[in-house]
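By letter and in written order, the chains are A, B, C, D, E and F; residue numbering begins at 1 in each of them.
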Amino acid sequence: MNEIILNGFSNLNTPAILFFLLGFIASVIRSDIKIPDSIVKILSIYLMISIGYKGGYEIYHNGISSDLFKSVLISFLLGFLSTLIVFFIVYKLLKKDSVNAGAIAAHYGSVSVVTFITAISFLEKIGVEYKGYIVGMLALMESPAILIALILVRLFDKKTINFDPSAFKEIIKEALFNGSIVLLFGSLIIGFINGAKGFNLISPFFVTPFQGVLTLFLLEMGMIAGKRIEEFKKVGAKLGSLAVLFPIVNGIFGVSISTFFGLDIGTSTLFGVLTASSSYIAAPAAVRLALPEANPTFYITMSLAITFPFNIILGIPLYFSYANLLQKFLG
Amino acid sequence: MKKLEMIIETVELNSLIKMIEKVGVHGFTILNGVTGMGKHGKSVSTSLVDVGDYNMVIVVDEEEVINKLIETVKPFLKKYSGVMFLSNVEIVS
Amino acid sequence: MKKLEMIIETVELNSLIKMIEKVGVHGFTILNGVTGMGKHGKSVSTSLVDVGDYNMVIVVDEEEVINKLIETVKPFLKKYSGVMFLSNVEIVS
Amino acid sequence: MKKLEMIIETVELNSLIKMIEKVGVHGFTILNGVTGMGKHGKSVSTSLVDVGDYNMVIVVDEEEVINKLIETVKPFLKKYSGVMFLSNVEIVS
Amino acid sequence: MNEIILNGFSNLNTPAILFFLLGFIASVIRSDIKIPDSIVKILSIYLMISIGYKGGYEIYHNGISSDLFKSVLISFLLGFLSTLIVFFIVYKLLKKDSVNAGAIAAHYGSVSVVTFITAISFLEKIGVEYKGYIVGMLALMESPAILIALILVRLFDKKTINFDPSAFKEIIKEALFNGSIVLLFGSLIIGFINGAKGFNLISPFFVTPFQGVLTLFLLEMGMIAGKRIEEFKKVGAKLGSLAVLFPIVNGIFGVSISTFFGLDIGTSTLFGVLTASSSYIAAPAAVRLALPEANPTFYITMSLAITFPFNIILGIPLYFSYANLLQKFLG
Amino acid sequence: MNEIILNGFSNLNTPAILFFLLGFIASVIRSDIKIPDSIVKILSIYLMISIGYKGGYEIYHNGISSDLFKSVLISFLLGFLSTLIVFFIVYKLLKKDSVNAGAIAAHYGSVSVVTFITAISFLEKIGVEYKGYIVGMLALMESPAILIALILVRLFDKKTINFDPSAFKEIIKEALFNGSIVLLFGSLIIGFINGAKGFNLISPFFVTPFQGVLTLFLLEMGMIAGKRIEEFKKVGAKLGSLAVLFPIVNGIFGVSISTFFGLDIGTSTLFGVLTASSSYIAAPAAVRLALPEANPTFYITMSLAITFPFNIILGIPLYFSYANLLQKFLG
């Protein structure tokens, strides 16, 4: 247990985390640092290209692992189960209506790109290896949970909801050809095809300054989170606590399953992080379209203002420590 | 001539444009960078989550066309956030 | 129903919103990216200095609410740059 | 008081402003980030090619000033893409 | 001929070209990657400063070549002749009205900065030298074609068109003090004046990450091109084919003239690329102002969605191979 | 005196200064290079994080100097006195009304971040050391002058002005929690806490490309300044000359005081630059809110179009040379 706490604190003293806290504080004291929307959008595109390309280059370098197909399976399994768990906790235990339960489940079943990227940085800093194709799993896990959540709502709420079929088609299309999925897979493939020559060409832009860009992005994420803390009371103590409980349960669950399937510590940690993380870009947009009756204050605040900070500050070292313990215990 | 100003969420803009084109108006104008407050509360636009960005769509046309458009859009606005304002206007040409 | 369009400098937007909320309207809409010319001359917006950026704030409500709003905002517009336009409009719903 | 709303392409904005200033109005307001559809088809704005970006320019003034402005701008709108809407409005002050 | 094809394919396996294709595909399947306008504008400013500054530093380093005045002459010659060729093909052979013919000619007589930059990257990758002052020729060739095209329209369409003299003055001014001209020449001169000290100071920002920035820019160019393919039918098969024919004819023409004038392979290739490339920033803006009756679907789609991709994917290696053959053939 | 002139000219041949001039010229000849607002904002955030973080790392590296408390005192002293000087010159000698005098004084008492950053680059280029904590002084000197100027207006213009107390509260809050203050101090503290590990992580983004980013920013500053020269006649010859006189007087004053307090040449130069520089971001916004009757043409044109260019081109080497002379003279 000492190790966990130690890692947690060592993770705190990085530029990225401290700038996240700075953004949070700046926003709470209403200081007027405003990173323009267009910058936030291009930073997020940059991070996805970078992480995808590096993953592809990694595969080019180390070859496609035999674990690949296993991992695809794990991805779908984890996405499916975590959506289900969250839905039933909110619907059955909290007695919320199925629409809000589905909206929240869609977020927790899906994934957060920046949480994943922060975890990769964490592993690289402490020198732990992981499989390059995991970036593909990130892309694979973004959309299915949203579809599963919508189906759950439909099953449990036959009367009030009548799905607009054209909206549903829109959602399926979005689930497959979502910008971040295309960008992640596209960059992965290009990184693989380009090999070392291409990597050397663009790494001064897409690789070397990466940590600094992530730091700038987390400054903005801190400000976004800080702006939302006023809404904590609207979310309530129960949902608020669940926003901490969900990532812990899902994270431990994700690490366990992938360790049992025989994956290495680094990759298992990342699966834990993916399962623990909750979406705040793809899911809110899809849910707003498909479930307009759901309350955005619930899902956006939980995902962005509680689960995200929890994961990048405490969650990541926690899942890593657990992956370590489990691996030692098993082997 | 009537002028219909519709304020709707950006996520629904494409659907609205489709309806407008189906009704068959002579033209429309879209204003970007719109936020506000209404029955659904204050718009919650942040740099990352597009939910809460609004657009204003203006259509100027003959009364019957506008009425047809209103009937088409009404059920939509029952479900989603948004409002419509109607006024008198003259097209100069 | 009356529609009040207020054009004010961005630096004063927060104060205006507070007044609007104090009067208690049913909704309002804010347009960004507004520049122009008036009694205070041409707006001098450049990329670095925000002075000279304007917003248009639209409120549609019953006549008495709008009148109350006008009375609240008037002294403010005496001091700061800005104008108000009033017209007739119908809320469709 | 009359309100004239002109929607024109951004490339022609400077020329329009010059005309407005020549006529000599009391003020005008420019809205950025405008797109739409009209006789010249859908606006084709992309990030690189500015063709197809529109602006809305609003002038509120006395009827005769607005009429003079309309006569000045009309031939211009015959040639370039754009429309004008005229309505009644009151300046509050 | 094998060499041409080989080069063409080796050019395809670069990050820049593959991200262009990714952008194209993303846009066709309507995936929602949106690079904000403001980012596209600053990337394009960055690329111009970078290319201009490097050119100026090159001149500082290698001295002003005796070929310089020859090259100025070639620039005007090529700009003038290619505008004329395109105008008469569209006007006489295709029987389009003179206004649309002039609009299209203005685009093909002028140049594309990004095509030029991609060609520079191509030459640097395969280690072929070129003269630094050629960046100045890029700047010289941007505007004259637009003026020539307007004069052609005026000559062939005396009745319907009556030029607004104030618009014409505006165009002349724009032709001389256009943003990209000022930026390219300005950076060239500063790069020359600053010498090695200045170069070392700003190269970590303006030189080292250059390839990565170009890659990001081409991702957006791919999306812009992809968005326009629907309009292919509106352009029609004839104009569509011309959008491939024009660059080939002009490119071969440009390489030939500059080789006959005694320029080296690299510089001749770049003159070929400049002549083959068509404008999609300066020309559309000028034409929209001066010839509002011309159909933008024609000139923008041809230039942006056909000629640009053709040039960066196949054209550049083609003109290079031709320059090679010609050089061998002549001496 | 030769040294001063020499330094002044050597400072002119840097990318940053030459791109400032290019921007100025481009704007005067109405060339249409437009750097989007959102880019200008993020560049300015970048520069503040970078300068703050480097300052913090410097302190981590060299320890907190015993001069720190002395410097805090000097900051307040210089801010207070320079505001006072400017106010009385404009009010008593120029006989302007107290509102305009206060507005102008608020600008000259406060500081310009980019002037300061250009001075840091100047010192680093010629290899002169300075104390890292001086970045904190930059943050400290931004707001007090604005408050002092408002109090001066209130004292000298009791009748016409009645302060809106809520506006005053807003200004006090803004003075303390202003975005740039939070960003500068925050980055300083994080740079100090992070130490060498954090520095290595983000320096490829926040340190290495710094000079290039500054150059791009100064290009825009040049364009902004150029756009305002038309307004020179509105400002008039008297205020125009004062916009050159103020920085010289304040700069010499700032260098003198800090040298007498025993600070080293580099740090004294930077105090001179801070005192000489005038605000064009924080002050205009605050003044517009608190003194709407003041004429923005006066204070923005003076600060942005005259004092800023004067300082970065001639002022910085001037204050440095004076600091040198003074140090030699005293010791």
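By definition in this document, a contact is a pair of C-beta atoms (placed from the backbone, for glycine too) under 8 Å apart; a residue touches a chain by one contact, two chains touch by 3 or more.
Given the structure is predicted, the values throughout are model-derived calculations rather than measurements.
J.: If each hop has to land on a touching chain, what is the smallest number of hops from chain D to chain F?
T.: The fewest touching-chain steps linking chain D to chain F number 2.
J.: Show which chains lie in contact with chain C and also with chain D.
T.: B
J.: Looking at CA centres, what chain is most distant from chain E?
T.: Checked the centroid distances; the maximum from chain E is C.
J.: Chain C and chain B are one sequence twice: same or different residues at the contact, by the over-half rule?
T.: Since fewer than half of the residue numbers are used by both chains, the interface counts as different.
J.: Can you work out the whole-Å distance between the CA centroids of chain B and chain E?
T.: 41
J.: What are the residue numbers in chain F that touch two or more other chains?
T.: 35-39, 41, 209
J.: Pull out every residue in chain B that's touching 2 or more other chains.
T.: In chain B, the residues touching two or more other chains are 31-33, 87-88.
J.: Kindly provide every pair of chains that touch.
T.: Applying the touch rule to all chain pairs gives A-B, A-E, A-F, B-C, B-D, C-D, C-F, D-E, E-F.
J.: For chain B, which residues are in contact with chain A within the complex?
T.: Listed in rising order, the residues are 9, 11-12, 44, 46-52, 79-81.
J.: What residues on chain E touch chain F, complex-wise?
T.: Contact set of chain E toward chain F: 36-39, 41-42, 45-46, 49, 53, 173-174, 177-179, 181-183, 186-187, 190, 193-194, 198, 201-206, 209.
J.: Under the definition above, what is the set of chain C residues touching chain D in their complex?
T.: Listed in rising order, the residues are 4, 7, 31-39, 54, 56, 70, 74, 77, 83-88.
J.: In the complex of these two chains, what residues of chain F are touching chain E?
T.: It is residues 13-15, 18-19, 22, 25-26, 29-39, 125, 208-213, 215-216, 219 of chain F that touch chain E.
J.: Along chain F, where are the residues that touch chain C in the complex?
T.: 35-37, 40-41, 44, 166-167, 220-221, 224, 227, 280-281, 284-285, 288-289, 292, 296, 300, 304
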